[in-house]
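Chain naming follows the written order as A, B, C, D, E and F, and within any one chain the residues start at number 1.
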Amino acid sequence: MIKIEAIVRPEKVNQVTAALLDVGCGGFHYQNVTGQGRQQGVEVFTGRGGQTATRAAMPKTIITTVVQDDQQATVVEAIIAAAKTGDEGAIGDGKIFISSVSDAIRVRTNESGEDVL
Amino acid sequence: MDSGNMAWMLTASALVLFMTPGLAFFYGGLVRAKNIVNTIMLSFIAMGVVSIVWVLWGYSLAFGPGGSFIGNFDHFALNGIAADDGETLIFVVFQMMFAIITPALITGAFAERFKFSTYMIFLVLWVTLVYAPVCHWVWAADGWLFERGALDFAGGTVVHINAGIAAVAAAWLVGKRRNIDRGVEPHSVPFVVLGAGMLWFGWFGFNAGSGLAANALAANAFLVTNVAAASAAVSWTIIAQIKTGKFSAVGAASGAVAGLVAITPASGFVDVVGALAIGIGAGAICYGAVLIRAKVSLDDALEVFPVHGIGGIWGALATGIFAVEAIGGTAGLLEGNGAQMTEQFIAVIATLIYSFIVSVIILKVLDVIPGLGLRVSEKDEDAGLDISLHGERGYVHDGAD
Amino acid sequence: MDSGNMAWMLTASALVLFMTPGLAFFYGGLVRAKNIVNTIMLSFIAMGVVSIVWVLWGYSLAFGPGGSFIGNFDHFALNGIAADDGETLIFVVFQMMFAIITPALITGAFAERFKFSTYMIFLVLWVTLVYAPVCHWVWAADGWLFERGALDFAGGTVVHINAGIAAVAAAWLVGKRRNIDRGVEPHSVPFVVLGAGMLWFGWFGFNAGSGLAANALAANAFLVTNVAAASAAVSWTIIAQIKTGKFSAVGAASGAVAGLVAITPASGFVDVVGALAIGIGAGAICYGAVLIRAKVSLDDALEVFPVHGIGGIWGALATGIFAVEAIGGTAGLLEGNGAQMTEQFIAVIATLIYSFIVSVIILKVLDVIPGLGLRVSEKDEDAGLDISLHGERGYVHDGAD
Amino acid sequence: MDSGNMAWMLTASALVLFMTPGLAFFYGGLVRAKNIVNTIMLSFIAMGVVSIVWVLWGYSLAFGPGGSFIGNFDHFALNGIAADDGETLIFVVFQMMFAIITPALITGAFAERFKFSTYMIFLVLWVTLVYAPVCHWVWAADGWLFERGALDFAGGTVVHINAGIAAVAAAWLVGKRRNIDRGVEPHSVPFVVLGAGMLWFGWFGFNAGSGLAANALAANAFLVTNVAAASAAVSWTIIAQIKTGKFSAVGAASGAVAGLVAITPASGFVDVVGALAIGIGAGAICYGAVLIRAKVSLDDALEVFPVHGIGGIWGALATGIFAVEAIGGTAGLLEGNGAQMTEQFIAVIATLIYSFIVSVIILKVLDVIPGLGLRVSEKDEDAGLDISLHGERGYVHDGAD
Amino acid sequence: MIKIEAIVRPEKVNQVTAALLDVGCGGFHYQNVTGQGRQQGVEVFTGRGGQTATRAAMPKTIITTVVQDDQQATVVEAIIAAAKTGDEGAIGDGKIFISSVSDAIRVRTNESGEDVL
Amino acid sequence: MIKIEAIVRPEKVNQVTAALLDVGCGGFHYQNVTGQGRQQGVEVFTGRGGQTATRAAMPKTIITTVVQDDQQATVVEAIIAAAKTGDEGAIGDGKIFISSVSDAIRVRTNESGEDVL
């Protein structure tokens, strides 16, 4: 079992989660984070609206799904297709991290293993 | 007082009271989420503490007979005001609301780091030693500025310059907030605008109520108040847009407040053209003042001096410039009465000096009294004042609750 | 009714209406985030349902001719009120706003677990069977308590004691919330203070409007209302601080409301010294009542009885103590009229008994009607009433939306 | 104008001004969190821009002498209005508030995607070219609809139908929002209800102020306004519940607004029974209109046409049906005056056609002017207008701030 | 060392965290997420309250605790006992994922390893 | 590749993220959590502000960065330096957990591996 964590633009969440379901992911969860990578900062007003400051850390959403090892390629591809801005992509489109999960348990039934996903 | 005037003064008093919760949200939205409760509470408790001070001795010091400098204790606990003297009773009420909001305005200067217990005592002392005398000078029949003929229809000096310069004293003495080098993003823009909306609404009571009657003068004051707020909101917004490329909502709200501040002393004296000039000027001047303030090391956290101090000074002088004899009975510079400018200057300077010095003394004294002190500990400041002083988190959205 | 009095009563009616959204936010901030929509909706829909009941038959039962106990249906759908009878029309309106907020107050007792469909029917029955009669007793010219001379200027018994004791009945019959052993942290302190600010503002209409005129009595009522709210906010805050070391903003807001409750019956009868006593007392007494309530097993979720019930009782008795003949025409205990206390006691006891019993009966009946019932399912309660009953989440901030 | 009437008109003007921040929150709660600042700002800046336009030339075009179609520039910058002419001054003020909220209502149609700079110019043009003329037709003494005898007490045609149909033009020309196939959940139901509460409260000034006096007619207008809002809130809530099984709070709030819209033209002409009919009808009709709107491809994002357009049309026709001669001096269909319906129809149709055509022309012109254009870029829309146009995030709760 | 991530119903957080402390967990943290699995969607109002839409992604809370390897069984059992709806469980009760952690460091003391937990 | 998760006091986030950039981290993301460890509870008001209750779970922020294996020591040191309260540290300063990541993919370019970080 592997965990796939995709950090994407918040406005892409609906597309990415739809794509996950399309390729047969059994579930996922997502949450808002603030993230910074190579993306250039945006200018925001501070204080009473006179001054501005540059913030490089931007709102992102991290979508996590645990899948079977052999689903990695399909899922990653699906995420990329859904999360990319246009055909070219744009800085800040996000990253995907893969790590291994040793077990999964379903609370409702105590089942564990790949069936749970 | 006839029923119509009384009806309006009852309403106007309620409107001015409503400005203080408005201010709580205006200021509250501007701070970091960990200090929202504290910031709101600084305004809210002023409604409590100052009301008590006012009816016990504040009113008497401000409007009781005395000298040209301050009243006396003749009306302690409203002693000597007859139960059927509606005119005096409603005047006590209306003026009480001004005494509440003035020190609440100051709190923007020391937001996010002031000790709450000290603040409650500060409220008592400041209203007694600064607000009451200045109010007496300007509005009591035997006040020295009133007698000289300084114009302040609804409180440009008494409220805004007074609070603005006290804010400088407070920001200076309490010192800079920790860890604000990156600037502080307002944690809730909606609350800022909500507060501005409540302030704008309540300000109609403030200005149009200050003639103490429901008549043409009140209608004019209402009109120019709205026009100045509007034009300052627009001028601030456009100037900030030209400079940064963005339309700041906090800027629009701040502009509106700046315009309201500036029109306050003028609202019984100028016409709609004067109001446009005052408003557009307020937006530009106060915006510039905010930028300058950001360059000096004074951490007037929510820009009280740039907006209320500078805005109030601009309004006081502009009253001298744009006063129209047909409206308030006094001509201004543009109608050839240059002498009025002198009176306006004197009122501004006197208020600046007196309020600054006495505010400094009060704060210095509070700072050295054992168990008080102005500033919370570093640990409390870092953790946020809500948890550390108030035992409350502003927002609790986690799964556990 | 002259234009001045009409102007004030129009304003006062609007102010009292505004209290109900204020209550929605006051209560809404106190619950968990998953029940915010439900809590707000309990107040909001009262504006809908009760307005209809009031103009159809509520007003007629409360103020129509009938007996000393209740009116009749003569004014069904405002039948018989002439289009040019402004005095009666505005009285219908003003009183409507009281009928709206009273049952909305009760909702604090059963927050976070009551069935909404049942609640809508409860509103109709309770206004008809409890509110209208008690209102008739106290305020109708032929009401038995009015005739005995019980003093209730703006609704201490009719509104607050009445709602407070019905809240006990409701909290008892609907039972304790699940999973609250750790206590419930208010999910939004800003909303609590916003609500308190709106209530304070609107209460000027409530109390200063209850003389139905813009005169000295209204000015006095306005003054004492503000002073009582202020002093109760301060007394609650300080007492809680002494006990816990923290300055609770929710406490300050609750104190203000407690003071407003307590001054309600007294506002046409006492002076500013009485108001200070009533306010300080209200802060202390209601704070204590909250602590006691927390020790008994009654889950009056938002402390309706400790604040409105106990606050109302304190106010009703305090009216008997502090009434000043020069103000409202009736002397109180301190001016040597001990007999007034008896009348106040009778009014309190009668309201407590009647309202409790009839509220219990109404709720019991609603509980057994198939398809109704008082309480939502465990599943719905756990998931939160917003999703399960209203199909809405209070806040949607996730990336997907 | 006597002091009582002046007191009420000052108050009513303040109340109507307060509706615009109310609208900001009503609309703001309905959008996604990334567009809250923009949505609020669309209403807030209207208070700025339109106030200026109104005192410069808007009032003069709307109420200055001219022809039956539009006024002229005689009162440019309020030229010729004497400082002691309170009656005219307060009329300018009161009407200014109507001119502010009308274009603000339109913004619901193009929420979440409109260019802010273009919007500020749109405000100027639309108030000048659409609002002022239609206002002149209906309310100026020499307006052609006024002369024909069309009834519109407080702005059913001038405000609501006018804004509603302009909303159709705007939603059509700016096009559909991106990525809304899953529907948009309101990001803050509390804000929606807060806004609705502020609107309901302010609407008493809107309707009960439109008689320009504090008299029985105002009391009646107040009464029927409340009853219509209440009954529409209840009818929408119940119908939606029957259809979906849930009690939508946004639905209750929308119902209240629909009722307020529908009673607006009628409030000086109908009695409480008419108000019940109008309110219940408004809840049902506007709810249905929302469902139908969802089926067509027009992305009128916040349902301006279904609620204000359809609600306004229903109100205009219902005025013709339910008008009671004893109240407003004109009988309606039910009292046998079928002819009134014709006038109501003509006013509705004329407003629909004129407003739609001129709104389309204004928007088309703005669309093609280089540097303007109606719609933000896809990138800005995706990222949210708050960051991209305003440089502000609505809510900043992360640990770093 | 292992990381145990339990995605549970938000209303179960107090019970689950109490259970964690009971079985000797040294610490944990939790946060709100939006998640979707087999749980059937709920209907929510969209727009102005006329239309409704079905949302399958529901509010959940993810509770994370890092424990020693040999605590896995005890902790998982405790979480399941606390997070389950009734005796039967109900769809949407959640899932538990196990993964390995290579090290833990305490900021205050620079300590690392199992003692930190 | 390793994932470094630091749970720190919310008021330290700016310092910690600045320190991460200083030592050459390519990116990070953070989010608010509620956490409990050895930290003693704080008293908060409950209900209508009369009663208080002790809450041991406190607001924390979790900062996540994925870095190359050999950066572990530098990054952990930097985090500790920035997140510690004073020289002594204070209970509640937080913890850092290290785990391994098997792959990283950049959405914009489909690149994967260490270059992505």
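The definition used in the following text is that a contact is a pair of C-beta atoms (placed from the backbone, for glycine too) under 8 Å apart; a residue touches a chain by one contact, two chains touch by 3 or more.
Note that this is a predicted model, so its numbers are computed, not measured.
Enquirer: Keeping to the contact definition above, tell me which chains border both chain D and chain E.
Expert: Chains that touch both chain D and chain E, as defined above, are A, B, C, F.
Enquirer: When I count C-beta pairs in contact, which pair ends up with more: B-D or A-B?
Expert: Looking at contacts between chains, B-D has the larger number.
Enquirer: Can you check how far apart chain C and chain F are, centre to centre, with Cα atoms defining each centre and the answer in Å?
Expert: 48
Enquirer: Indicate the whole-number Å distance between the mean C-alpha point of chain A and the mean C-alpha point of chain D.
Expert: Chain A and chain D have C-alpha centres separated by 42 Å.
Enquirer: If you look at chain F, which of its residues touch at least two other chains?
Expert: In chain F, residues 10-11, 14, 17, 30-32, 34, 43-45, 52, 57, 59-60, 85, 90, 99-100 touch at least two other chains, as defined above.
Enquirer: Quick one: which residues in chain D touch 2 or more of the other chains?
Expert: Residue numbers touching two or more other chains: 2-5, 7-8, 11, 182, 184-186, 214, 244-246, 248-250, 252-253, 390-393, 395, 397-398, 400.
Enquirer: Determine the shape of the graph in which chains are vertices and touching pairs are edges (line, ring, star, complete, other).
Expert: complete
Enquirer: Show me the residue ranges of chain C that touch chain F in the complex, using the header's touch definition.
Expert: Chain C residues touching chain F: 30, 182-186, 236, 240, 244-246, 248-254, 287, 290-291, 294, 301-303, 306-307.
Enquirer: Would you pull the chain A residues touching chain F in the complex into a rising list?
Expert: On the chain A side, the touching residues are 2, 6-8, 31-38, 57, 60, 62, 76, 79-80, 83-85, 88-91, 93-100.
Enquirer: Using the touch rule from the top, collect the residues of chain E that touch chain F in their complex.
Expert: 3, 17, 21, 26-31, 66, 99-110, 116
Enquirer: If you look only at chain E, which of its residues touch chain C in the complex?
Expert: 9-11, 14-15, 34, 42-45, 52, 57, 59, 85
Enquirer: Touching chain E in the complex: which residues of chain B?
Expert: 397-400
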